[in-house]
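See below for the structure under consideration.
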């Protein structure tokens, strides 16, 4: 038979990058198969932002004041909800096990997975935000600042959430616990983010707050994948 | 010299001391069949060897080198087939295999095509896995196993859900793997139709360690 | 010398006995210090020239707030030791910390709120320091929530240890980040420890209380660790020896 | 053998109530086994309520104005999140199939399940709400009104959500879709509920809004179980 | 007269016409073994008969009365054992059985105790199901099946994950059930060790309807 030679003889591609690429390709395929997932997250974001004026007040003048809070809380909740499925689906159907067994550094694979997840949820959320801000009475000039702040913020949230997603893997309905665990870590992001957005809306320069956000992102990129890998190993036991 | 040697394996699950001081060796071309009643610890043993479950103590030697069951190099030579087939329900069989094998760096379309043919899975390889029957999924997982060309196979009840033709295929594939110098550990309740010279057997009894049978 | 002491410390029977012996050495001084500090604080220390007797709540509030942070640190260190050296008793220590820590955090929050009503006219203000303390409570609760969700002890230990360690990074971040927060709240001047204006009669009971609370924490920790070890090792041979 | 007689001869208890009782008992057992579930929902509610001041403003005077909106959006999101698992867990482990096969009216069984679910999540949320309201600067006198409004509101939300929970059974991660499906039905609850709460906080009489809420609940009790039963049948296919 | 009669059953799954005009009769004391290669439609057939999947067309007669597979009365006389054991992972085996049987109104503690003993499941009946092995779960599900005292058993690969003693037990229980006048339809790839007079067999071939074999 020609189908199998053994490891000693088999030419095995041991580079890391093609594996990360395979993960990205697969997740895009999955998105094409069920675009509903992404649309639902966006829908949730819209709904939270729309609900608030319903429960509060329809006056744009008042709404503008609470706009940063509403946008950020909405984005935070939507990101956290989306994160629930980050590793869970793969764990449940047994494919995540195979990631652990493929002989590549797990942290790198999880970083790839988290990055593509952000591309498919965090980025669309970010793009949507300025539009929603307009419905809350914010002027369209604030768009670039809002984009930058939310882009950085959701990226940090995705990374932070990946740790909690790993930790809650072993649990049946980890969703709520995931939010709870991510929250203490997400608070700084929320505070800087909302601060930057508020400055932008008022027409001031948000540079300092944005720098802080960016440094949080850098910190998260360095540490979160390692913690997530440890968490996933434990979660899969 | 055995390629794989397991010494002094102790595993607890919850309160239970499931494996107590188990020793086993497997040489190239040998299959170790793991038997034992329900709950004896077959699945536990295989998952510990994959590094998916922690052991209380374990001395593992692979290709003459002591290693941990979480070593990347050891993983590269190993394939594990669990109770459930590791397939994403929303992707087709073909896409699933492509991903799985790319992850291991051994994706070759023609080889996989030939294997699909052989396992009678070509017909449904382009349908989303969600719409496949239990046995059809199993066949796809077997293609992935063979195509990953690992030297060590760890199989947990590989014949579950397979019809009789499928069961025969599994033993055939296994025999070929052994002839090529592969190793296998197979947990199963059915008797394997493999050359007796290549077959060893390890009988686990609930919680009382293991007895070597043949 | 080497690592022998480390392994000896890590053996459950040894720690079990050690904890039993040490408990009274923590409990009695704790009781004496706390009672003494209460007496000094409530009856001997002069009333504050601004707040009258209301300030006396500080003797419970401030020590419990400090302890809460300290306990988190102890918990994280124990969790780290357990994770890295695969030491089971360290996990037992970490678990035992969580409940006490959450309790002290809650006490500091509640006493703070009670104090806030007369001082600031409201139970709660979204002040950075108060928020940081609330987040600390979330950390403790998240830790316990995660544990309660995982059936298997070993897995619960390791998963919650990762969380505890990740949470450590969070402590300084929260501390500094809240400075950036758009708080219009005037920093309460009483919440400054380094004011030389605090007279010795006020300060001494406070420090006594802090020491007392710390010893109390030590005693509770030892008792809980013993119980935890008993629970974990209930099938081990040495337990039967100890109990018979 | 004495173990089996056949249906003709077997004395089978065909009353409906004992079955509903069995469901209640089992769900309480499950709660005792994992109290985390309930606590997490409460934690989430607390967290959402805490997020707003962080993202918005710490001034109690300002916060008091948005308190009804925050409380209701928080309670709504927490209820919807909790509802995700209403039937899903049972569907995934195959026990829900057995409900369909036990020869009892499915709608009644699902109503029992939804009722106990409300007892374990909606009611605790309601009890917690006045405390959270206090941190938002609302006076404690408003407590009875808030309790009543949120009690009725969460009950209606549980019933409405049970329909969506049935519909999303077939989907992997129905959570977000569930929120979207429930929302059109939940909006009236939110509006009346927030209105009642606002009146209570201002010290006015919320009777009219509460009557409307109560009639929504009655409507939901009559219709929701039937719709949920139909939805579950489809979802399980 | 057959107790159960199925006529003109057509089922589509997705695009596929899986069952085409299938007819079958089962009388009291008879077991109908359903065989067929992977993907032939065995699971589909059983789930349609439970009313869990919709059929394109089906004429079902049960105890001489025409009924729909969703009728409550028909369900009261039927028990279905699926690929996966219907157990809640957080409850113990005992609690699970209590709930399942209460739901059907046939809970009797002593009877269940005796059955647990017989299936070797008493030992682990007090542990949460989460911590049980695949075969141990299966045994609990079998207790539930027998204790629900239904006349019609629909079993999907009941011997999966069971060791040889377990497999023997299944055939024993099945024989007893038939002797008491029960009916069974069993989808399985292994041959059932049942009195030939009580055994009929239905072979499904992928998508081409069914051939009656014996």
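Going by the order they are written in, the chains are A, B, C, D and E; count residues from 1 in each one.
As a working rule, contacts are C-beta pairs under 8 Å (C-beta built on N, C-alpha and C of every residue); 3 or more make two chains touch, one makes a residue touch a chain.
Just so it is clear, the structure is predicted and the values come from calculations on it, not from any experiment.
Note: the chain lying farthest from subunit A is E, by mean C-alpha position. Of the two interfaces, A-C and C-D, the higher number of touching C-beta pairs belongs to A-C. Greatest Cα centroid separation from subunit C: this falls to E. With centres taken as mean Cα positions, subunit E sits 45 Å from subunit A. With centres defined as mean CA coordinates, subunit B is found 35 Å away from subunit A. With each centre defined as the average position of its C-alpha atoms, the distance from subunit B to subunit C rounds to 48 Å.
The set of subunit E residues that touch two or more partner chains comprises 89, 128, 131.
Multi-chain contact residues of subunit C (touching two or more other chains): 131, 138, 141-142, 145, 149, 151-152, 154, 181-182. Annotation for subunit D: residues touching 2 or more other chains are 34, 36, 40, 43, 47, 54, 57, 89, 172. By the document's touch criterion, interfaces exist between A-B, A-C, A-D, B-C, B-E, C-D, C-E, D-E. Across the interface of their complex, subunit C is touched by residues 128, 130-131 of subunit E.
Against subunit E, in their complex, subunit D makes its touches with residues 1-8, 10, 12-15, 18-19, 22-23, 25-26, 29-30, 33-34, 89-90, 93-95, 97-105, 236-237.
Considering their complex, residues 50-54, 72-73, 75-80, 82, 84-91, 95, 98-100, 102-106, 111, 114-115, 118, 128, 146-147, 149-151, 176-177, 180-182 of subunit E touch subunit D. Those residues of subunit E that touch subunit B in the shared complex are 13-14, 36-40, 43, 83, 124, 131-136, 138-139, 157, 160-167, 189. Within the complex formed with subunit C, the residues of subunit B that make contact are 12-15, 54.
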